[in-house]
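So, here's a batch of structures to check.
Shared between the two complexes below is subunit A, which has subunit B as its partner in the first and subunit C in the second.
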Partner chain A sequence: MIQKKICILGAAGVGKTSLTAQFVYSKFSEKYLSTMGVKIDKKVVTVDDTSVNLMIWDIHGEDKYKKITNSYLRGSAGILTVIDGTRAETIQTAYEILERVHRDIGKIPNIFLLNKHDLSDAWDINEQALAELKKYGNPIYTTSAKTGEHVDSSFQKLTKMLIKP
Partner chain B sequence: MTQTDLPLPLYQHIASHTIQQLEPAWLQLEKGSERIIQVGGAWQYYCQQMPQAGQQASDVFDVLIAMLPISESFELPQVQLQDGKYTDIFGLCEPHHDWLLFCDVTQNTLNIQQYHQISNDFILLKAQMKQTLHRYIGHEVSERIAQGEMQLDAAGERKTIATLFVDIRGFTPFNERHDAQMVMQTLNDYMNGMLPAILQHHGMVDKIMGDGVMAVFGVLPSENHCCLDAFHSAKQIIQAIYTLNQHRLSSGLEQLGIGVGIASGEAVLGILGSHERRAFTAIGRHVNLAARLESNARVGEILIDKTVHQTLGQSHAFTAVTLTLKGIGQSDVFSRILPCIHGDD
Partner chain C sequence: MSNDATQQHEEAMQALRRLLFEQESTRIDRLEELLNNQELHAQEIAKILAEAVQIRSRSDNKLGQALTPAVEEALKTSIARNPQPLSDALFPVMGPAIRKAIQSSIASMLQSMNQTLEHSFSAQGLRWRWDAIRTGKPFAEIVLLNTLNYRIEQIFLIHKETSLLLKHIALDPSHHEDADVVSSMLTAVQDFINDSFSSSENQGIESLRMGDLQVLIEQGPDVVLALVCRGNPLLSLRETMQTTIEDIQHEFHESLQNFEGETQPFETTDLILSPLLVADYQNKTKKGSAFKPLLILAAIMATIIAWSAWGYKQQAELKAQWESYVQQLSDEPGIIITQFQHHHDKYILTGLRDPLSHDPLDILQKTTLPQAQLELTLQPYLSLEPPFILKRATHILNPPPSMTLSLQGETLMLSGQASKAWLKQALDKAPLIAGITDVDTRSIIPELSLFERIRAVLKPDSGIQMKLEQDTLTLSGKTSSDWAKYAQQHIQKFPQIKQYQNKLTLIDSPNYVLKQAYKALRPPQSIRLRITPKMKLIARGSATDTWMNQAKQKVKNIAYISAYDDQGVSLSDDIILQRAIKALQPPQTVQLSLSNQTLLATGEAKQDWIDIANEQAIQLEGIDRFDNQVATWIDEDAILAAAIKRLQPPSSVSLSFSHGILSATGSATGAWISQAQEQFVLVDGVHSFYSNSLKNTAEGWTDIQKRINNINIIFPNSIAKVSPDIQKEITMAAFLFKQAQTTESKSQLHIKSLHSNTANFITFLRLKAIQKELEKHGIASQHIKVISYKTDAENTSQVIHFALEVKSNRP
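And now, the complex of A and B:
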């Protein structure tokens, strides 16, 4: 079976671990347990009759004092860059991470996830920010690790991008 | 540091001490491949079954998929191979062989995780608070300005206003006793009790300071005198907290009390920020007095200054008291106590 490694990146608390847990185990917890280092999960994804064993690297959140070690990214075929839709400032972190990924390992397929879409009252992404994000030319999904909105479909989409570039 | 910098016995002491803590385990790989040649060390820390010579390393450890063969040395810090166990994995490129080294860093990582968690909880809490603040000040104000209901002079308008301070008694010790998530939830519940009562009486939330709120009355249009609005708001706040405490009591949760201070006088209203995100700040002598009154108020107590009392008149059952206020001195003020906490009868 084809094996592919993907990394989930983004600022602290945007929902990387929750999205992974929803995708792999169909579980969600309100409790926040911040990730240290990296945790690896796997799931078989089938796109158009091709089965892919997806190795999902759920990496700690990036902040000013703790940058993502670039050896985590080694061998990665694609990435999901997560933004907290209730905190517009996490877009900036996403841009910074993505620029480093491009510099260190090149332009690999990427999808932006605007997460926590269930919290519509607190939604903080305006038209202008969205337009800016679109300029990257990468697919953008609004997701919710809580309700499961677009969680499967975004992982599915990335897998597709990996095997049929 | 090299061996020659340090006398051998000391070097050996440090080395053995460190090695003991790290519980290392290693794999020797065929150069440029991922085939295991030799195995050694404390593998029981890292996997159920000890890897064997002849196996492919990535068949034994998922984490190594797409990482091998080792084209250049690398370090993977804090890999969670099992729940709650952290391992530093090193890939080393040597002339004749490649190596994989596993070191246990669980203890150290768990120590750091505590601080890490607090700081990340705080980031989320701050964002939530900012949103509450924006919802209650920024939005409200910009709406009213947009509708022409309110005019603002950026240079600072002078106006007679009433300023109300309220805060949660005993929140600091509560905070120290409970985890951040619980604290965040509790704070939100109390804020949700207090803020609507301010808005309904045409008050404007000026600041939210941790577990306290400063609100001003007489800035947003109202048919009532600002002191009356502030007083009604205070009564409603305490009523709302009384109800909240009823729920908390029946859910077996700790009840927290609040205290209120209100003073009135002339203030200069300034605008901070610009464009959409205008926010007020009120500057005046009575603002400080209101803050002092609040910090002297007991659970369920509303303390008001003379000016507010004169405006309210005699009909609101306040009692005259003399207090020594920090930085202000002896002051004649007025007190009224309302039920705020339920007894456990």
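And now, the complex of A and C:
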């Protein structure tokens, strides 16, 4: 079977761990347990008759005290960059992370996830910010780790991008 | 008188002295006594001794030096008299020190002794065999259970770059489950530690330990090998791991370089890896049974007891040891001891010694006796014992290695091969050697011919021809350059050879190898082969891929080729492909490739291109099959159009679409927004609907009024049942009414019905049914008002319609 390593990146608390938990175990919790270092899960995803064993590296959130280290990213075939839809400032962190990935690892397939879409009252991302994000030319999904919105389909899409670039 | 007078005079003087010096005189007497009386002396010194010692010790350490012999002597005497008090006093210090020494020596002895004990305890082995028969378990398992020192339970072969698991082998198959996660985690832990302690990349962790389990990690350039081990492995395991990595790096070099996540090619690594598992079972996982350490412990305890006893008997034993040393020397050929004396800690030996005998000091070194105590006075002499005669002869004659010397009586026997020159000098010198009277040369084999000697040195293969004519040596045949070099160097050692003709064909020379390559690969004319000095074979030109694949295989069988580079070989298929591209004119987003007469198209294109390509591709020459994997081009405009058609946005809303996201901006009613949120999934190609920046405008009350007033229900003749169609209308009315209520809570829903005189009862039933339906939608009866109109027209279709009104205080 084909194996691929992917990384879930983004600012702290945007829902990386929750998205992984929803994808792998179909579970969600309101509790916030900040990830230290990295947590690794796996799930077999099938796209167009090809089964891929995804090794999902859920990496600690980036903040100004703790940058994501390159060694975790090394060998990654693709990434999911998570943005918290209720905190527009997490877009900036996403950009910074992505720039670093491009510089150190190269242009690997990426998908942006605008997470916590279920919290529409607190939604903080306007058209202009969205337009800016689209300029990257990477697919964008609105997701919710809580309701499961687009969680499967976004992982599925990334896998597809990995095996059919 | 004179006598008397002197007497008197003396007495007078004494009286005078007494008068004058009575006091002083007693004091002098006291001083005198003080000086002469030893006992008083001691009393005085005792008064100041402690202070004096202190003062002196402060200024230098002479006092200590001076006291040492006395203290040593005192200790000796004390021990000789009764060792108990001293040993009691020393015990608290010695106890822990001895324990520590024992612990570390037990630890280091255990490992080395275990292995030797292992094999001698065959009784144990027999018992295990019996256990195996009795319990029906395999013997190996019994041994393992009884002797487990360590065993490898799992092997992880990990791709270094991606941390993906290439191969996993486990004793217990249930461990397979999460091996891939473990593999990633192991790498992450390594990364974490490297980052945290900022050690250099290549200096990864070598082991992790958790209780009885240990993970041993060794790194190669592309792979990491991790062994999960129970117990304490031997150090040599590390080496085995390294060679295993080297083997894998070597054998799977290509697959490792091209690794994209496909682990299938590494299935066969188990051939290389499993020996790690098995070998450790059989050879290294042994440990003595529980009583062996006890045995050793007992041995050590015994040694310690003996050691303390030896402390008391030291003196006597030391002497005995010296005596045994002297005995040893006397037994030594070529040494004669004539006198052995013990004098003041010194042992003095006198005698004779042949210079060729063993050095007495070397022999001393093998004992524990201190060399400082030995004084040797040995006069040189020539021993006539046979071994010495032989030694002396060897020393003087210096025979070549091919010669053997032996002695029969006083005759020196020479055998083996020797040059004439050596033989001559041997015959001259031998009779002069002490102990030799005759030389026997009958067993000497005349020396080999020059040709044979050269042959013996060069050891040429059977494929090599050697020719010696006068002083010219000719070598011909096939050989490696190593041997050719070897030959060239060694020929120089024969001064008789003046010329060397080298006609050797070097089978590892680039030219020869290239010829072999042409023979083996049979390249088509369009291919040119070349070889670099480093023996890399390079192919250029064009060929079929069948040839290329075969060549790749065959090249492996050609000796001395270090690498094969066929990147410069273009497929002849290229031509076919070029034609296909010309004919099909694919857009830039489409990639075409050709293999095995199959044209493969990937990427994205408009549907019409896909259709046309499907038709035309197979008609092209050289293409048997068209594998069209091109995805239909996502036409964002078309998707947007479809979305508009499906969602029917009001003019206040503008929709846009990109990257699968449909975004709506502007303003719309809540009803439209919720309808759109439900329905956007029905539009192909849209995966998200982004409506957060859409303003929600409530519909005006009058708008709703208008819409409700437009709702009519028509019952078929004489039927009071609510049909699905009617139900739909009522639902709509209820929905609108509820909206009206949110802006105006006092809204009233009027149900107006037209009916003829004759149909009163059925009208009543119909109105009741409608009211009931409305209640189902949560509209209470106090908000509903029924109004009936009579018409005169006969047989009018029964029409009921809704109207909306606000009671009293609405202006």
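By definition in this document, the second predicted complex is superposed on the first by the 165 of 165 C-alpha atoms of A that agree within 3 Å, B and C clash if a C-alpha of one lies under 4 Å from a C-alpha of the other, contacts with A are read in each partner's own complex, and residues count from 1 in each chain.
Keep in mind that, in the parts below, a contact is a pair of C-beta atoms (placed from the backbone, for glycine too) under 8 Å apart; a residue touches a chain by one contact, two chains touch by 3 or more.
Everything numeric in this text was worked out from a predicted model, so none of it was measured.
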Legend entry - Side-by-side fit of subunit B and subunit C on subunit A, or clash: clash
Inset, instruction - Go through the superposed model and pick first if A:Asn126 touches only subunit B, second if only subunit C, both, or neither. - result: second
Inset, instruction - Tell me which partner A:Thr86 touches in the superposition: subunit B (first), subunit C (second), both or neither. - result: first
Inset, instruction - Check the residue A:Ile2 against both partner chains and state whether it touches subunit B (first), subunit C (second), both, or neither. - result: second
Inset, instruction - Name the contact category of A:Tyr32: first (subunit B only), second (subunit C only), both, or neither. - result: first
Inset, instruction - Go through the superposed model and pick first if A:Thr46 touches only subunit B, second if only subunit C, both, or neither. - result: neither
Inset, instruction - For A:Met55, decide between first (touching subunit B), second (touching subunit C), both and neither. - result: both
Inset, instruction - Considering only touches as defined above, state whether A:Ser71 meets subunit B (first), subunit C (second), both or neither. - result: both
Inset, instruction - Would you check which partner chain A:Gly13 touches, where first means subunit B only, second means subunit C only, and both and neither mean what they say? - result: first
Inset, instruction - Superposing the two structures on chain A, identify the stretch of subunit C from 199-207, 487-495 or 595-603 that clashes with subunit B. - result: 199-207
Legend entry - Residues of subunit A that lie at the interface with subunit B and also at the interface with subunit C: 3-5, 37-38, 40, 42, 55, 69, 71-72, 74-77
Inset, instruction - Using the touch definition up top, name the residues of subunit A that touch subunit C in the complex. - result: 1-5, 37-38, 40-42, 52-53, 55, 57, 69, 71-72, 74-77, 120, 123, 125-127, 130, 134, 138-142, 150, 153, 164
Inset, instruction - Mind listing the subunit A positions that touch subunit B in their complex? - result: 3-5, 12-13, 31-34, 36-40, 42, 55, 60-61, 63, 66, 69, 71-72, 74-77, 86-87, 122, 124
Legend entry - Residue ranges of subunit C in contact with subunit A within the complex: 159, 161-165, 178, 180-181, 184-185, 188, 191-192, 194-195, 260-264, 602, 658-661, 663, 665, 687-688, 690, 692-693
Legend entry - In the complex, subunit B residues that touch subunit A: 62-63, 65-67, 74-80, 86, 109, 112-113, 116-117, 120-121, 123-124, 127, 131, 181
